[in-house]
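What follows is a pair of complexes built around subunit A, which joins subunit B in one and subunit C in the other.
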Partner chain A sequence: MAARRRGTSPAAGPATTPGAVRAPQRSWRRIFDNRLLPILLITPALVAIGGLVAYPVLRTAWLSLNDASGLQALTTGAMSFIGLDNYVAIAQDPDLRRSALTTVLFGLSCVVATMVVGMAVALLLNRPFKGRVVLGIIVLLPWAIPHVAASYVWQWLFHDQYGVINWTLSTLGLGGFEGFAWFNQWHTAFIVIGIVVVWQSFPFVSIALLAGLQTVPTDVLEAARIDGASAWQRTRLVTLPMLKPLLLVLLVISTIWDFKVFDQVFVLTGGGPARKTEILTISTYQQAFTQSEFGLGSALAMVLFLILLVVTVIYIKLVKDEERVS
Partner chain B sequence: MRTRKMTSLVGGVAALTLLLAACGDDDNGDTTSDDDTTQDEDEDEDDEDPGDDDMALSGDLTVWIMQPGEDVLATLEDTADAFEAEHEGVTINYESIPWDGGHDQFVTAIAGGQVPDLAELGNTWLLEFAEQGAIAPVEWPEGEEFVPGLADSAVLDGANYGFPWYAGVRALIYRTDVFEEAGVEVPTTWDELLEVGDTIAAEVDDIAPIRAAGVYQHMYQPLIWGFGGDIATQDGDTWTPGFDTDEGHAALEFFNTLWEKGWSPEGAVQWNSVDVRDDFANGGAAMMIGGGWDLTAILGANPDLEGNLGTALLPAGPSGNRDSFAGGSHLGVFAESDQQELAQAYGEFMVSAEQVAAFTGSEGFLPGTVGGVEAAVGGDELYGAFADQYLEHSRFYPIGGWWGQAEGAAVIPNEVQKLMLGEQTVQETAAAIDAGLAGQID
Partner chain C sequence: MTIAPVDLGGGDSPRLAQRRVVTAGMAKRRRRVATIATYVAALAVGLFAAFPIYWMVLTSVKTQAEIITPEPVFWPSTFDLSRFSYVLELGFTTYLRNSLLVAAGTTLLGLVVAIFAGYALARFRLPFHRYVLMIVLSTQLFPLVVLIIPLFIVMRNLNLLGSLWGLILAYLAFITPLMIWILRGFFLSIPTELEEAAQIDGCTRFGAMWRVILPLAGPGIAAVSIFAWIAAWNEFLLALTFIRSDELRTLPVGLVQFVGRESTDYGAIMAASLMFTIPVVIFFLFVHKRLTTGMVAGAVKG
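Moving on to the complex of A and B:
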């Protein structure tokens, strides 16, 4: 095509479009190149996102504002608009209120545990030692196992009569664990659920942090070491600040995943005993599918969505503040 | 330099995350999707006008069966072959649906419009779906007498919504060798059962008399019938829950006594019928409440118990009643199916005497027709007790769509679990159950 003349054409802007000063036909081409072509290229992705993400979210939001009970609501559209009544019902129902609170507390605990364990393993894998590659692969395995299969295995491990955990603990002398029913009380049940969730979540965090750790320039660390900083100080004052953007991303992702946990809770306790380990995802499932209360179920889903939105906004604000300060 | 590396790293991680999140979500997706897509192909092949009576029956029929297993499926295939031989141009396609989550699979299928033509529906589900308009009324074949305990659960407002196919009813299963060792007779009332239990606990080592299980609702819900009460009584259009009554309190009190005897491990608060059965098969208990299918499964799991098992009618309560829950399945035709006539015809065929006998015999269930029951197990030493229990002492739970949802919400098991965990008294439990049921009735 025409040779590019950088900076010499008076009409050439930052985008040095060839032939910008040529005859009018060329401008169609430019419009096509600058406006139409990008849109055409994005359209398939937009359709996919719109259809698979935007539509369901908007539809759920719409359903949450309606009294959509019974299957007729979905098959024939028989529902009545009730505004925020579903949300009021959630706020007034003690079981659902507890479900929301449990989701937040349990989710945050899992996030903290996942980040701590993930960071520890990443720091370990960052050091050169024999068998490091093998360990790195083994660390990935819990993440690769399907949630349902893993949950059943762990449920069996924590079985009160035949489980290995109780057997090990009582053999080690902790007699109180003989026949101990982990799933009878909500706090012990959550310990088990937490173990399974963290066990399956930390590998991703570890690998991502490991990648991050390897970008920390060794000369800065070396300089710090020469200046007399201890290993912990080096980690806290050099490595972690450099990893802040990555840490933030992982925190947000972990939070979203851990708040949305469903499979493990469903298999291990089903929300029981007596709904005490019920979290928002389980409540949504219960209301929508076993109770056919699609409006209330949608409202519960929207509540979870809003909680996650708030959490994400808080995180992002924290980062913005950090950036401003530094 | 560093920030650019960091940005590209973060960007890379973010992109990877999105990719993984997408993959992760796929894993968490519904298991129904596979069934539904094969559904679709079958439905699309049917172009017939259902109202055309002149046409002989033909076309494809999609039938959903609950968790049949290989042997039962083979029997059902024989039924399909027999029907296809009589009606040329008809093809029957079976699909297997697991019990666990089955109810929700139906809900999703109905909501998504991807229904089969004919399906096996648990009898606590049929009316729930019928009330919501998803099931088409059917006409029962002339001259067929269906067992009342089962048939009741297919009738709503005078219309029949399914073909009663088979039932399972629970009776008392016990270890004859343990009874011999302890020198006890088979209990005929619940009080006698407690006495027998005490003797066994004292005389025989290493085996518990009977377990109390928190999620085995079909064992403790019928207790209220034995004590003279009812789960809920109908008065015209309104239902009144019946646990907060003297009879209800007595029933819960009895169950609590069974639990407080200490014959069950702590974890039994979470046990369902399968846990109880596995425990019994492993020699954990001397008695259990179970059905013919439980017996079959126990003998399969532990052949050593052969010859050491006995069955008896369910013990009676103070009111003399010994009714057991008639749980079973109906064959329902879906209102949105294109093959109403064919589905109705095949449903009738499946519940006809010889077809149903072959099917139920292999599983330890009982046919839905009176004649079928007598043909199947009448007089059998072990399984005969179930037939008697079924024909004479069986009952269904409240007949109304709301009961299916009450079961789904586990209203009664939740409160019973709290009772077992010592968090509330019997009176509080009864009141809570009634409140929960009342909430469902609305």
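Moving on to the complex of A and C:
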């Protein structure tokens, strides 16, 4: 690419310029255009990413190895290196240990539910029926709602006294749901949080998968149909294998999203009751900004990051294996 | 219904054809069941996606007596629009202004950075090109909580915690990488011959980019602008951590504060949520397609 560009650039100079001046001018310009300009263009981005992402990540990693409690530790740098003690503290604290475990279990459940609902809706939208276009737009809406607003809407739907959901369930004959307080037990609270998370993340999966479904060549599907494959068999044996790379990508994007959930939990339960719905993002915020335990908070953030890293490495390995096979 | 006989005529295997003959009558019925199932499923999906939003809108305009009822009212007898002005008077005008400032600032700064970087990554062979691309992509992996403590320290030391600039800078951390990535894809889809022609016509290399390519990338630039705008408008965690004074709060944090004070007035909460939501939904419907393909393409190529 660079060679081609260099070859075309002599034509850039005006033809009427005297030769003596033209040669150095052109070469300076060529050096600027090919060497300096790209670096000038990328520098702001590198500075931004370096200063706002790379530096903070390294600083968090360093902080996680220190005992940094109280604001003084941050402003004066008065902290002491304690090695992995913060990580040991997380492993020994029953609440924080549960928080890490909950993050993984809750995150994975949300990913599975998001993928299943997203896939089902994509397959539905791929069928011809009246109102398909309208449904395609309606399905997008939950994705567009800000997390905080969505959390309040669902909190209202699940309200114990005046919520539509309790009314519907008790009208359907489930007596136990009259005045049922969803946020008083951790497991029912997680059901509501999970519904909100899935509600907001399935549209992306559906729309991406729908685009993928429409790239599956119709002649292959037609061939399978003529060979007697049922609709379910065509989906399972033809469509899904063809979408495998896309599915893997969506799996990772959903994982990154669902393990990072903060807003919904903060609004709906704040980690309660009795810290039982705390996940790592909430724990980090609580330890760092309400307890001022910045070292411990950093260690919690690093645990979350390491979990995501492991998941992503597994994903990259899966994609590599996939490429080797095909 | 009309396809089945045609299939029988052209059936390549007699055994298969015979099986079809047997099921031809059933096939019709089965297709009708499938059609009904499709519509039932469509209705269920539509309800799941839209009912919460319908309920938010409805609650915000119902009278108090129709909100607080053991049996829900699905269509109000009168519409009460007074809540919107009531909510605005309670400080939402300030939150709205702050959110607009932060969203606009993030979008403009992000655009400058992302247009330049996206163009450079699409058109030039940079030193460490592969690594620069990898770095841009890998930023998506970091949860905000990993960045938040050091960013808080930096903003504190730079005395930016008391201003909206701190938020704008912090938002650039997670918004620009995706903007760069989507814009790079856009620039890649524009043929290089256009710049070469512009340069032959006397443009500088930078001029060729600025005057020829940028206008062509207009739709892409519009899409990432809206993406950045929405991301900054919705962001909650950083705004919650960094902003301590009420007159600098943005909408999501303002909403949480508001609920903390009026926790039982669901009509007002829904009205505030609705005002917070509407601009996003409008913008979002314009860009969702580019956003989806951009994110998926980014991950696939990585």
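Everything below uses one rule, namely that the second predicted complex is superposed on the first by the 280 of 326 C-alpha atoms of A that agree within 3 Å, B and C clash if a C-alpha of one lies under 4 Å from a C-alpha of the other, contacts with A are read in each partner's own complex, and residues count from 1 in each chain.
We take it that a contact is a pair of C-beta atoms (placed from the backbone, for glycine too) under 8 Å apart; a residue touches a chain by one contact, two chains touch by 3 or more.
The structure displayed is predicted, hence computed values, not measured ones.
In the superposition on chain A, contact is made by A:72 with subunit B only, not with subunit C.
By the touch criterion defined above, A:129 lies against subunit C but remains apart from subunit B after alignment on the C-alpha atoms of chain A. In the superposed pair of complexes, A:215 makes contact with subunit B only, with no contact to subunit C. Of the two partner chains, subunit B is the only one touched by A:272; subunit C is not. When the shared chain is aligned, subunit B comes close enough to touch A:291, but subunit C does not. In the superposition on chain A, A:150 makes contact with subunit C only, while subunit B stays out of contact range.
Between subunit B and subunit C, more residues of subunit A are touched by C.
In the superposition on chain A, A:167 contacts subunit C only, with no contact to subunit B. Contacts of A:181 after superposition on the shared chain: subunit B is touched, whereas subunit C is not. Judged by the touch definition given at the top, the superposed model places A:45 against subunit C, while subunit B stays out of reach. Once the two complexes are overlaid on chain A, the subunit A residues touched by subunit B in the first and by subunit C in the second are 74-75, 146-147, 159, 161, 204, 208, 211, 245-246, 249-250, 253, 262-263, 285, 289, 294. Subunit A contributes residues 70-72, 74-76, 146-147, 159-161, 179-181, 183-185, 204, 208, 211-212, 215, 217, 242, 245-246, 249-250, 253, 257, 262-263, 272-275, 285-286, 289-292, 294 to its touches with subunit B in the complex. Subunit C meets subunit A in the complex at residues 7, 12, 16, 19, 34-35, 38-39, 41-42, 45-46, 48-50, 52-53, 55-56, 59, 67-72, 112-114, 116-117, 119-121, 123-127, 132, 135-136, 139-154, 156-157, 169-170, 172-174, 176-177, 180, 196, 199-200, 202, 204-206, 230, 233-234, 236-237, 240-241, 251-252, 255-256, 259, 266, 269-270, 273-274, 276-277, 280-281, 284-285, 288-289, 292-293, 295-296, 299-300. Only residues 1-2, 8-9, 11-12, 14, 29, 32-34, 37-42, 44-46, 48-49, 52-57, 59-60, 63, 74-75, 120-121, 124, 127, 129, 131-132, 135, 137-150, 152-154, 156-157, 159, 161-162, 164, 167, 199, 203-204, 207-208, 211, 226, 228, 231, 245-246, 249-250, 252-253, 256, 259-260, 262-263, 266-267, 280-281, 284-285, 288-289, 294, 297-298, 300-302, 304-305, 308-309, 312 of subunit A touch subunit C when the two sit together in their complex. Residues 2, 5-7, 9-10, 13-14, 16-17, 20-21, 24, 27-28, 103-104, 107-108, 110-111, 113, 129, 131-134, 214-215, 265-267, 269-270, 336, 405, 408-410, 414-415, 417-418, 421, 423 of subunit B are the ones that touch subunit A when the two sit in their complex.
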